[in-house]
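Two complexes come next, and they have one chain in common, chain A, joined by chain B in the first and chain C in the second.
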Partner chain A sequence: MKPTNFLLSAAAAAITAGAASAEDMTLVSWGGAYQASQQKAYAEPYMEMHPDVNIVWDESSAEAVAKLRAMNEAGNITWDVVDVVASDAIRLCDEGLAMEIDPDTHLAPAPDGTPASEDFGDLLVSECFIPQIVYSTTFGYRTDLVGDTPPDDICDVFDLEAYPGKRSLEKRPINNMEWALLCDGVPKDEVYDVLATDEGQDRALKKLDTIKDSVVWWSAGADTPQLLADGEVVMGSTYNGRLFSLIEEQKQPVAMLWDAQVFDLDGWIIPAGLSEERKQRALDFIYFATDTQRLADQAKYISYGPARKSSAPLVGKHAELGIDMAPHMPTDPNNAKNTFLYNYEFWADYRDDIDAKFQAWLAQ
Partner chain B sequence: MTDASQTAGPMLAADGTPLKQSLARSLRRQKLRALFLIAPLLIFVLVSFIVPIGSMLFRSVENSIVRDTLPLTVDALQSWDEKSGELPDENVYEAFVRDMIVAIENKEHTRLGSRLNYEETGMSSLFRRSGRQIKKLDPETDGPFKEKLIDIHDGWGDVKTWQVIKTHSVPITNGYFLNAVDMRRTPDGPRMQPEDKRILVKLFGRTLFMSLVITGACILLAYPVSYLLATQPTRVSNMLMILVLLPFWTSLLVRTSAWKVMLQQQGVINDTLVWLGLVADDARLIIINNQIGTIIAMTHILLPFMILPMYSVMQTIPPSYTRAAKSMGATNWTTFWRIYFPQSIPGIGAGSILVFILAIGYYITPEIVGGTKGVFISNRIAYHISSSLNWGLAAALGTILLAVVLILYWVYDKIVGIDNVKLG
Partner chain C sequence: MAALTPISRKPLSMVLPSVALAGAFAGIFVGAGNGSVPMGMIGGAILTAGLAWFYISVLRNERLAYWINILGFGLAGFLFTGIGGGILGLLGGWFFVWFTYWLYEGRYRRKLLPYLTAQQVFFHYLFRVICGAIFVFLITPILVVLPLSFNAQDFFTFTPEMLRLDPEGYSLKHYQDFFTNNEWQRSFKNSLIIAPIATIISVSLGTLAAIGLSQSHVPGRRAIMAILISPMIVPLIISATGMFFFYSDIGRFLEGTLGFNKTFVGYLKVILAHAVLGIPFVIITVTATLVGFDRSLTRAAANMGAGPVRTFFKIQMPLILPGVISGGLFAFITSFDEVVVVLFVGSASQKTLPWQMFTGLREQISPTILAVATILVVISIALLTTVELLRRRSERLRGLTPA
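Here is the complex of A and B:
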């Protein structure tokens, strides 16, 4: 490009950016199929109703806490609405980086008039968090590599004799430690009490030791589906939506092992410190995007359960595949026979400590 | 010259001013102009490099959060002997309640809790849970507070809690640096971390060791390629050059992911070996998600940084020298070892510095192909920046890494001599 051309186009870009910024609203999400489902279910209908608002996406949810903290220190918040997992929302709220929400004034009631605080119920885990979906971390296995008796118990993951081969687990202590204790004979409701002690942590690591040599550790949600598709592992943990697309969209010989799936939440927060005008616009978007119908709409595009009770009956068929989505939701009664509840408080406190131990254990 | 000026008085310029003065003025003008010309670069380097690095260095020792959030408590704790094994007096508890009410108002107490949780597990929940109830206390009328606080959470009745607050109340701390080398601050001075939490020193050692291995592998692979590039006729060497540069122009992520496809157990290399019958199907090689994977992928990715400086140095070695050696009866090996190789050393030096320094800070490739045993210290720094938010520790680790590179550079200068490094 000639220097003059370059200068001209740079100037043009600056001008259009300046002109557009008046109506740009920046949403932050995870990218991929998940962000696409939000684009179709929330952003497109919202922009149709409000032609003066232009929604732009930033795929930074994975580093949202660190970035919001940096923005806060610099005094320049460039994000309007941010999609984060519940534990990050709690942390942002604790540090005063997210705005507190009053569910009954800021969020839409259910169609039958039930106030939002009841419709979301227990899922409102923080004063700043507006739940959107329930997802679960669970296992998928290769149907062609597990013999005649497919695994149906979480402890089959730890059974190298019945199911030889590699497994993929996430490269962090969360979930793995709980599963290890469950399979070491700890009752479900005592897992976190045991995990709070040094002996309990050692016990969990000892259990993980039994399969350590057969584990491939993942750090991105796309890793396990790829490892399963390539036949690198016989079973592996990941988010249930990733497994859904592997099984139903890519037609791989993989099946779900829902046993002891760990529920977690994902939702919106509004950063603290927005100007009044931007705050109102963000609240208006949130009011629209988290109403009963919109949450049910998102389930057309991805197999995550809507966070409102009133949305569940409205969940229909997949927009492209035309299959019923309800049986693929982690919250479906058939899939949720044995679930494990993630303890936010526990991990907020113990994460650094257990993570240091876990990483030291990994490096041994 | 000096004698002359002393005896004959100052020399004058055409306009009558002393020549020295006039010369100085024009030199100053020249310097100003030079400064003006490099000003954009200078400002850029200052703003984008010196200032961030300075602020990172500062963050690794900065610790004003405890004193800023709990000013009265820190003062009151001065008179408490943390080694006595007894709880502090009522005045500390009262000061603490006053501080906390202000901190809760500003939402600062949870941030302090997270900060102290890096040192002692449970501090975060202690501050968070107690915050909701301390908010309701009135410092004027509700005293005494010692019993009340211990009722709210028995953590306030634990000597350790107050020890942690006092130990970490200094505004400038060495705590992060101690943590970075697997130690910690205690009332009795620096102590080692418990055995099962020591990880960082090991990671530093591994980072250095693997970077050296990668540099070595790059030298071995790059030398023959550079030699070919430098000695073949232009048409052939241009072709070879494109082959070297093509991967260099491809995205780092693409190349790393390609290695994943190549190296995994059901991957291209293993499939080929099994097909050739060199490896049994149930004994496929494990060459990814470990150190071997990181070394292979990073050697490939960093190879151009070794080849290019080597090539440009080898190009300047006159072929007549080797011909002269041969004409005087030297064997091929002697010619290479005594004549050619010594002249190519500056290229090896430049390439090695470049590759080693790049390797030591590598992050994304080890993350993708390194598994658990092939990751570097930078992966830990990234974890503390974006997940645990322990920026102080991340800064301390980064500072140590910077210092290690500078020391190695100095050692290299002493042994090889930085004047012997040439980029062409």
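Here is the complex of A and C:
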């Protein structure tokens, strides 16, 4: 019976030791290099200033909406601050699962005194959403597998003759449908009008049909980098920060195809229904983590553009590689020659219908 | 008996096609590596059958044939793909010349009964080949993980450097990441807290339940048994959903009404949930050992004045201990491997190792997961070996021969 006693007392000691130290604050994010950048730019300095707070990470942003619904139903919200994409923030806000934020009282003004609402500007797409970064979904290609004429046009993705081989695309209609229409001759400003009709959706799927046999579908942001590193695919779409890490940190023979990159926003929400004490702590963290300097600091670790206008001039060099980060930002003028703006309202209205159609098409 | 077994040389019409078949099979892999599977198969068949014919009909010197074939294949492998290919070539070369002479000299009959028909001999070896294939099928996914965990790159890829066995292609950085990364260390620590406590609870409750249910006078024992075992049968995702709501309420009560610490309650919820999952394993193994337990021993102990508790610890427990231990092992592994229930019931402070591996695999395909998997495989092997050695030792001490 001795070993049992020993184990029990050791476990009890471990639990009480954990309980006696700082109070846990749970941040939810996406894992990987992105979460690491948040850890270094926000969490570590914050914990240094507040030794009584212990930040715990949960990599559940991908299913944040479903989990928050379940937590709300069970009346047991264990998350304090949640990192979500803008469209999820809009959904959570509509369902009352996220707390409304007043930018000018809850967020720090720019160093020159410009109020936060102006500093973030158009990027405040919802009352609950605190923008953090601008990222883009774009393509990378294997430089050693495309011959002498590297692709420089989004429609090269659909050109199996010039660029034979597999491509990886995300397993959802968003972005793929828009790219398909663009390459089927629809002018950029009419894409969403066409996509709103049944014929337009069929037209996009028909265009995707031409490459369907050569597509590897991905669902996690890490898939395309892995496939490119393996040489399984010639080109593939993913988040631009993942490609940056693949090219600059992992030194793989891959280059960016920025044409028709789709901008999207990522940021924080605070779940509704937290206790007053936890709410104040979350707000305090948000105030710190989204100020001008902190957003600029994050760009030292990953190539996503800070959401504040006042942060852009402060973006410097990569923390370890020492290269200039500005040319790797999706918003850099050289990269942003031809960009595409993700239409939140359109997808909020049409997502369920087009999703069903897309999944049925995939299964054919 | 071996001396009686007729050993005679076999006709080339049987040897060459068999060797060609094996050559074609090996050619599939070489061909797949070089772009064309059919070409590899044809080339492999012609090459191996041709060499077999040459050794048997022209060279007629077995020892020389061995040397030529092993070194020839090894050299070819080395020239084409480097050290790794060279080693494979040496092994392949040895196999083919051995296989040729094994067939030609009729050595395959040497250890078999002399009166077996050709068909029986064939099935004798076919059975072994199938068993071997199943073994490979089971073990390869685990073995692939081991070399990949020493990858110098951050991908699940065998790089050209690795295939050449170049030291540059290997590194311990993923192991270093596991031992220095806060998230991995915390989840490892959580697993080491949760699994043993859940195991102790499962073992105590499961053993008691099994002993109680083995008494013939308990009413409705089959129904009770079925309910206790249900966590093992009900799909895990359904148990997990139910547990999520059940433990949310319990957690709210403990935190809100009784004022317990949030972290403590979090651990308690996961430990209890895992204990429930582990109990069926203990009940089943202990019930199985109780079948062979002689009840007159407990009556004899009672006759001599021992109380039920004393009887249990001095008489019954030592005899059913093997069942208790193996049940405990299953309960431990269940908790240590479990990812679904902890995702529902736990919060991020209770993130266990499987949870961290699961999210790591989804969000960031990092070979650190493979390093952890390798460490876990080594721990599991060590654990099972220890238990097996202890079991044999105790059986030896009790004068039984290990089974």
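One rule holds in what follows: the second predicted complex is superposed on the first by the 347 of 364 C-alpha atoms of A that agree within 3 Å, B and C clash if a C-alpha of one lies under 4 Å from a C-alpha of the other, contacts with A are read in each partner's own complex, and residues count from 1 in each chain.
Following the convention adopted for this analysis, contacts are C-beta pairs under 8 Å (C-beta built on N, C-alpha and C of every residue); 3 or more make two chains touch, one makes a residue touch a chain.
Treat the numbers as computed from the prediction; the structure is a model and nothing was measured.
Chemist: Specify the outcome, clash or fit, for chain B and chain C once both structures are aligned onto chain A.
Modeler: clash
Chemist: Who does A:75 touch here: chain B (first), chain C (second), both, or neither?
Modeler: In the superposition, A:75 touches chain C alone.
Chemist: Would you check which partner chain A:362 touches, where first means chain B only, second means chain C only, and both and neither mean what they say?
Modeler: After superposing on A, A:362 lies in contact with chain B but is clear of chain C.
Chemist: Return first, second, both or neither, reflecting whether A:111 touches chain B, chain C, both chains, or no partner chain.
Modeler: Neither: A:111 stays clear of chain B and chain C.
Chemist: Per the contact definition in the header, classify A:327: touching chain B only (first), chain C only (second), both, or neither.
Modeler: neither
Chemist: Is A:222 touching the first partner chain B, the second partner chain C, both, or neither of them?
Modeler: second
Chemist: Using the superposition on chain A described above, determine whether A:96 touches chain B (first), chain C (second), both, or neither.
Modeler: first
Chemist: Looking at A:187 after the superposition, I want to know if it touches chain B, chain C, both of them or none. Which is it: first, second, both, neither?
Modeler: A:187: touches no partner chain.
Chemist: I'd like to know which partner A:32 touches here: chain B for first, chain C for second, both or neither.
Modeler: second
Chemist: Is A:353 contacted by the first partner chain B, the second partner chain C, both or neither?
Modeler: first
Chemist: Looking at 183-191, 273-281 or 309-317, which bit of chain B clashes with chain C?
Modeler: 273-281
Chemist: Going by the contact definition given at the top, which residues of chain A touch chain B in one complex and chain C in the other?
Modeler: 62, 230
Chemist: Which chain C residues qualify as touching chain A in the complex?
Modeler: 153-157, 183, 189, 193, 196-197, 200, 244-245, 248-249, 251-252, 261-264, 266-267, 347-349, 351, 359-360, 362-366
Chemist: Can you tell me which positions in chain A touch chain C when the two form their complex?
Modeler: Going through chain A, the ones touching chain C are 4, 7-8, 11, 14-16, 18-19, 23-24, 26, 28, 30-33, 35, 56-60, 62, 70, 73-76, 78-79, 220-223, 225-226, 229-230, 250.
Chemist: Taking the touch rule as given, give the residues of chain A at its contact with chain B in the complex, in rising order.
Modeler: Residues of chain A touching chain B: 62-63, 65-66, 69, 91, 94-96, 166, 171, 202, 216-217, 219, 230-232, 345, 348-353, 355-357, 359-363.
Chemist: Enumerate the contact residues on chain B facing chain A in the complex.
Modeler: Interface residues on the chain B side: 106-108, 110-111, 113-114, 117-118, 121-122, 124-125, 128, 196-199, 202-203, 264-267, 289, 367, 371-373, 380, 383, 385-390.
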